[in-house]
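Listed below are the structures to be examined.
Look at the two complexes coming up: chain A is in both, with chain B in one and chain C in the other.
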Partner chain A sequence: MAGEVELVAVAEYFQAPYGGVTFSKKDQTPSVKTKNGKMVTGQTTVAKHLSQAGKVSSGLTLEDQAAVEQWLEYRCTQVDRCGHNGIPVSQVLQELNLYLTDKVYFVTHHPTLADIFLYHGLHKIISKLTFQEKEKYVHVSRWFDNIQQDTTLRQSLQLLPFSRSSLYS
Partner chain B sequence: MKLYTDSGNFQTIKVLAAAKFAGINVDKTDVSHGAHVVPYLKESRLPVLEVFPGKFLFSANTVVSYLLAKGSQQALLAGDEVQQWLEWESTQFAPVAVPYLVSVFGHGKAEKDLLNSFTPLLSHLEKKLKSHGFLADKEVSAADIAVFGAMYPLLQDKPFQGAIEKLTAIKTWISAMQSLPAIQSAVEDVTQNKGGAVFKESLLSQPVPVGPSPATGGAKDAAASKNVKSQSAKPSSSTSATPKSSTSENPEVPMERVPAEEAEAAVKSWSADSKTLPTPVQRKHPILPVKDKRNILITSALPYVNNVPHLGNIIGCVLSADVFSRYCRLRKYNLLYICGTDEYGTATETKALEEGVTPKQICDKYNKLHTEIYEWFNIDFDYFGRTTTKQQTEIAQDIFWKLYEKGFILKDSIEQLHCAGCDKFLADRFVEGTCPLCGFDDARGDQCDSCGRLINAIDLRNPRCKLCQKTPSPRVTQHLFVDLPKLEPQLKAHLDKVYASGIWTSNARTITNSWIRDGLKPRCISRDLKWGTPVPLEGYTDKVFYVWFDAPIGYISITANYTDKWKEWWKNPKQARDPKNCLTVCMVDDTHQDYLVEMYNFLGKDNVPFHSVIFPSCLLGADDNYTVVGHMVATEYLNYEDTKFSKSRGSGVFGDQAKDTGIPADIYRFYLLYVRPESQDTSFSWDDLLLKNNSELLNNLGNFINRALMFLSNNFDGVIQPIELEDEDKQLLALINRELTLYITNMENGSLRDSIRNILSISRLGNQFMQANKPWVLVKGSPAEKKRAGSVVSLSANVSCLLSVLLQPYMPQTSATIQTQLNAPSTVNVISDVIYCRLPPGHTIGKPSPLFQKIETSTIAELKTKFAGKPAPPKADDKNKGKPAAAVANGPVSPAGGDVSAGSGKINEAEVARLTEEVTKQGNAVRELKTAKAEKAVVDAEVAKLLDLKKQLALAQGLDPAAAAPSSGKKKGKKK
Partner chain C sequence: MGFGDLKADSGLKALNDFLADRSYIEGYTASQADNVVFNALSGAPPAKFPHALRWYNHIKSLDRNALPGVKKDIGAYGVSSAGASGDAAANDDEDFDLFGSDDEDEQEAEAKKQAALKAYHEKKAKKPALIAKSNIIMEVKPWDDETDMKELEKSVRSVAADGLVWGASKLVPVGYGINKLQISCVVEDDKVGTDFLEEEITKFEDFVQSVDILAFNKV
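Moving on to the complex of A and B:
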């Protein structure tokens, strides 16, 4: 689930004011008040809200916008829910690795909300990988290492080590 | 736009409905149940919209909002509200609805428990619908389409109908939705009016969405860190499943085929007469250059005495040079490997002041320490000396005079920082400040640790005296300079020659070239110090030589301490050489004139300019036929886990601690070389060490050798049987020869890391060979089969013998153990270009025993904790709670409270407030100590505590999740 850290990252990246976000006591789901005074709840919802309130326009085509949304959903339904009770971590990493084979960012040629969200969602998973596994998911590793260099996106998350030379193949 | 879907897929309802609303015609393409459409997804996801060839949308909700946007139905996409419902549907509703649908239509048995899970979801829906009539607004929106689409199949189920019986708003909404033509046509298209059963196959072939796990409910990182412990205790299924495969799969892989000629050639050399096989050369001291042989002088950067070397220092120079020199000896080159401690310089003097002893005492102490460490690591120097000797003074002064006479020494007055408090000029490391080049605020007077560039102390911003912390002021003083610009043409000519002929790692070249490209400047070689080689020139006799002028001269003086015939190594005569004797491309000029001695420098990248620019310039300028560097093998840095080795923080393994870890020196050697930072920085990781030991050494190498020898011992009384080569044996020999060739090439190129892989490949080939032939089956069969079994294991014993030799540079002790177990004669210790039969039939082997020990995760966990260093995150200061921070000022701070409940879970505001206060208090304490000019050690300890507190604060604010990991282990470590 969305930690505050990643919402701050989203706000900073899109140069939006960060504020008014509250987290539910039960499961820490964030909520925020919209312009017309309504509360909306949900991590992608809040993140999207922040990104649209920012000065930086995403400038995406409809197709790219849809792709971003799809990866946000993937983060919430797959990445956040892999591990103990269902989707194997390896499946998620394999899928992302395959997808990123020929890509620098998830959508288009610059970081989007999808990159921010997946980076934050994957951090805990990647931090537990051995160097050998990181090498196995080399495209995920490459993408991750690239994203984490941007301190706006990384915020206070730890910089994870990657080896740039292949040690195991 | 193509829409791929299987028949009866309920998710397709919402997609088709959205298409209708948007007025977009999607090209619906039927695929079979469970069809894989999206190439990068492991599971079938349907429906999928292919927006344009190769671009897929596999989330039904995304497709809905995309289609509506595409059809300019902005009204249906009312911003955040819609988004919120789409998210709710996919993360909350679907994980309940889909499993329920699977139970109802897939298995024909409704699960009542699941039905109960609908209650909170439905009441949430009911509440929203009551106020608006529709989900996001008073009109139909994408949210309604998405949620209704997921709801539709449920409406076909009686128990579910019961569940919504009393929810009037939902029921009104459902009938409103059902009356919409777009919905009607979509439903009809998917269900073909066949009722709920139509969903069955599709439901069973699609992945079931997973709900939020209760364990990750606490979303904040601080809270989530609670789970870290349980996960690291038992490796999660995904991490344990993947790494093992590499070794266990391989025996099944069929061996590669080699051409027949290659195999025959391998057989021919294999069957060579044992009397003609090459034998090793005895090592007799003193080793001197020999004509018509390859004479190699190997130096490894002289370790500085003021500190204990860490694993990164060890792999950086002495260990790398050791592997290479052991290899060279096995190749029968004539070589001399020298090293020693570098003892002069400001760092020694400051260290001596710190410890309250004379510089000489410091040097004696650390020289002994270094010697012991290298002995433990089995670094096989021909001579390990030191720079504080009579010879050093003589040779350094001689080189100085030669340079002086030839006009390469300049005199100049410079401004130097002078500390009024200490009444001395502050050379190099006596002064610290902000780097003028990169702004790093803890740069030393001679070099910046952050950007690695050399700086002049006078250029430092905000300089401060290292001893008294006062601000020094510039004063004019006379100094000597070596005129590098004048020497540049000679240096360039030399470098051009050795670049072409020698092994220069790319970092060595790059650093050297950038120095030359930036233009060489006169370099000051004298210092206002006592501890150093005295400058012999009149008027400068109260000064000593700059450590980087005379440290590389240490190579020469250490050789002179080793043998009085040192000039044979260092005053390099030219000789006509037969190019055949020379493995690397010789630096042959027209007359085939060549130098007798080739010098290899092994060093870390930070030492490159001193060895490739300053030292060669001085030697060339002295014009006394000195041996000048021909090859330079520089390493990058080795990090410790994800941080740096740091003595002050206590993070990382230092040379003197290694032997207390219970892990044998050979394992360290193997691992350090496996991760040797050749082309970029690498990391020492305990987990990785465990993996390498258990997978490569234990399961691959150790397994092969032990299996072969045990079998030979148990079934053939340890006697090598006649080896009759069959076709696949010949293939094996040829494949081994290929690896052997690569091993040699890699070694010659200074790629020490790659050669390890060749060794492991050979033992992998051996394992495959054993696995394919199954001697344990053959031995129970007919006499012919038994004979074959003997042949197979005897060949394997010979491969083991080869492995023992190839392994020797890396793991000398293990190599010796294998040779004892093989009862192999010492004459096998030669690395030839091809594999020979070194253990002939009739040879009796010794007693086999396992070569490697398994390393347990618990051991690694303890070691990780032990070497994690001070600022590890557990709440170290809870025990000092309430006490003024300055009251615990003495000595190194004890790293962990130990009495703190580590799993306190979520951290409350009070804790944050308390820590904030602590940080402020500690910050003031440090400032006070600094103004009061307290002892450095005291200040450092307090600063460390401050940093620790800051880290805890970050943790408490939920900002640093990963830092929580070592906390559980910390306590364990303390108990021991």
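Moving on to the complex of A and C:
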């Protein structure tokens, strides 16, 4: 299941214990019990909890944290909803491509939760692109190719091929 | 090998092209390779090299001396670094060289090869390029017997392009008083294609119903 793979990736990347995460039978919503006994529910919330509970400190400033949060929201409201009768895929890719023009990672200079979430969210979309389209969104492709090389982040997802051809440029 | 002069535009352009679909100089993490190339730059690349500038800013933010990996000669990085220079670097790394003398021979052979290659390229550059030409015979069909065939031929011959020369033409009767125009032309393959010709001729839609390629011969 896609949601689980993603949470495992988050947990492993931040070296947080994954054990407590359960999925509701009704709609597969994940939830986890925090240290002080409260339950947190929802994909993004659980992921955020895992990223903070881990041994790896994210070391983000408040501004960076806010930026990460905005990208998590972008993933839920834009990436997850693009396709047939929602937002056009090309629009999302174009936006991301423009944003990544001068960046290696989404926020700061190392991978954050935003990169993990967008990588998992975009995998399905990018796997359907032709080489020519990947070339068109070259910044997204570069970022994606870089992220997917980390096996902790990729987990069981397929390694997607990227190849530049002078044919398309 | 390498990027050339990284303080000049030509080197920066090579670096920019190289980084278009890569985040780092080597592999998928920052390494000493990035540090070496970073230090070879005279400063931040200008905005017309967006990929190089993005990479520069990213590397600048990292602790460059703490990056993993071993420093290599700058020539070892870049597009075609997998070949000779990579081997040379590998040779340098070895403390103990069993075939010391062979190495010199190799270098000599390599130098000879390079000289021969250079001579070949010079010769090649002097030789004029052969221009590939084709002789095309086309059939242009009018709408009906009332189409002015003289006007049609004039229109067809008015199509002009670099590397295109019109040749002889004749009218061939089809039946019911209708004639079709057969016209030959010689084109330079690199400059003019059949698609272009067909498109241009069918633009005279007052006269032309259709265009067919009757024969296509290399000259």
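As a convention for this text, the second predicted complex is superposed on the first by the 163 of 169 C-alpha atoms of A that agree within 3 Å, B and C clash if a C-alpha of one lies under 4 Å from a C-alpha of the other, contacts with A are read in each partner's own complex, and residues count from 1 in each chain.
Definition applied: contacts are C-beta pairs under 8 Å (C-beta built on N, C-alpha and C of every residue); 3 or more make two chains touch, one makes a residue touch a chain.
Remember, it's a predicted structure, so these values are computed and weren't measured experimentally.
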Quiz item: Should the pairing of chain B and chain C on chain A count as a clash or a fit in the superposition?
Solution: clash
Practice problem: Considering only touches as defined above, state whether A:Asp27 meets chain B (first), chain C (second), both or neither. | Solution: first
Practice problem: Return first, second, both or neither, reflecting whether A:Ile87 touches chain B, chain C, both chains, or no partner chain. | Solution: first
Practice problem: Would you sort A:Lys103 into first (chain B), second (chain C), both or neither based on which partner it touches? | Solution: second
Practice problem: Based on the superposed arrangement, let me know which partner A:Arg164 touches: chain B (first), chain C (second), both, or neither? | Solution: both
Quiz item: Looking at the overlay, what does A:Trp143 touch: chain B (first), chain C (second), both, or neither?
Solution: second
Exercise. Considering only the touch criterion stated at the top, classify A:Asp115 as touching first (chain B), second (chain C), both, or neither.
Key: neither
Quiz item: In the superposed arrangement, does chain B or chain C reach more residues of chain A?
Solution: B
Exercise. Determine where on chain A the residues touched by chain B overlap those touched by chain C, and list them.
Key: 101, 164
Practice problem: Would you tell me which residues of chain A are touching chain C in their complex? | Solution: 101-104, 109, 138, 141-143, 145-146, 149-150, 162, 164
Practice problem: Please name which positions on chain C make contact with chain A in the complex. | Solution: 20-24, 27-28, 50, 53-55, 57-58, 61-62
Practice problem: Would you tell me which residues of chain A are touching chain B in their complex? | Solution: 1-5, 23, 26-29, 34, 38, 40-45, 48-49, 62-63, 65-67, 69-70, 73-74, 76-77, 80-91, 93-95, 98-99, 101, 123-124, 127-133, 136, 155-161, 163-165, 167-168
Exercise. Would you tell me which residues of chain B are touching chain A in their complex?
Key: 39-43, 51-52, 55, 57-59, 61-63, 65-66, 69-70, 79-81, 83-84, 86-88, 90-91, 94, 207, 209-213, 215-221, 223-224, 231-232, 236-239, 241-243, 246, 639, 641-642, 674-675, 678-680, 682-683, 685, 687-688, 691, 954, 958-963
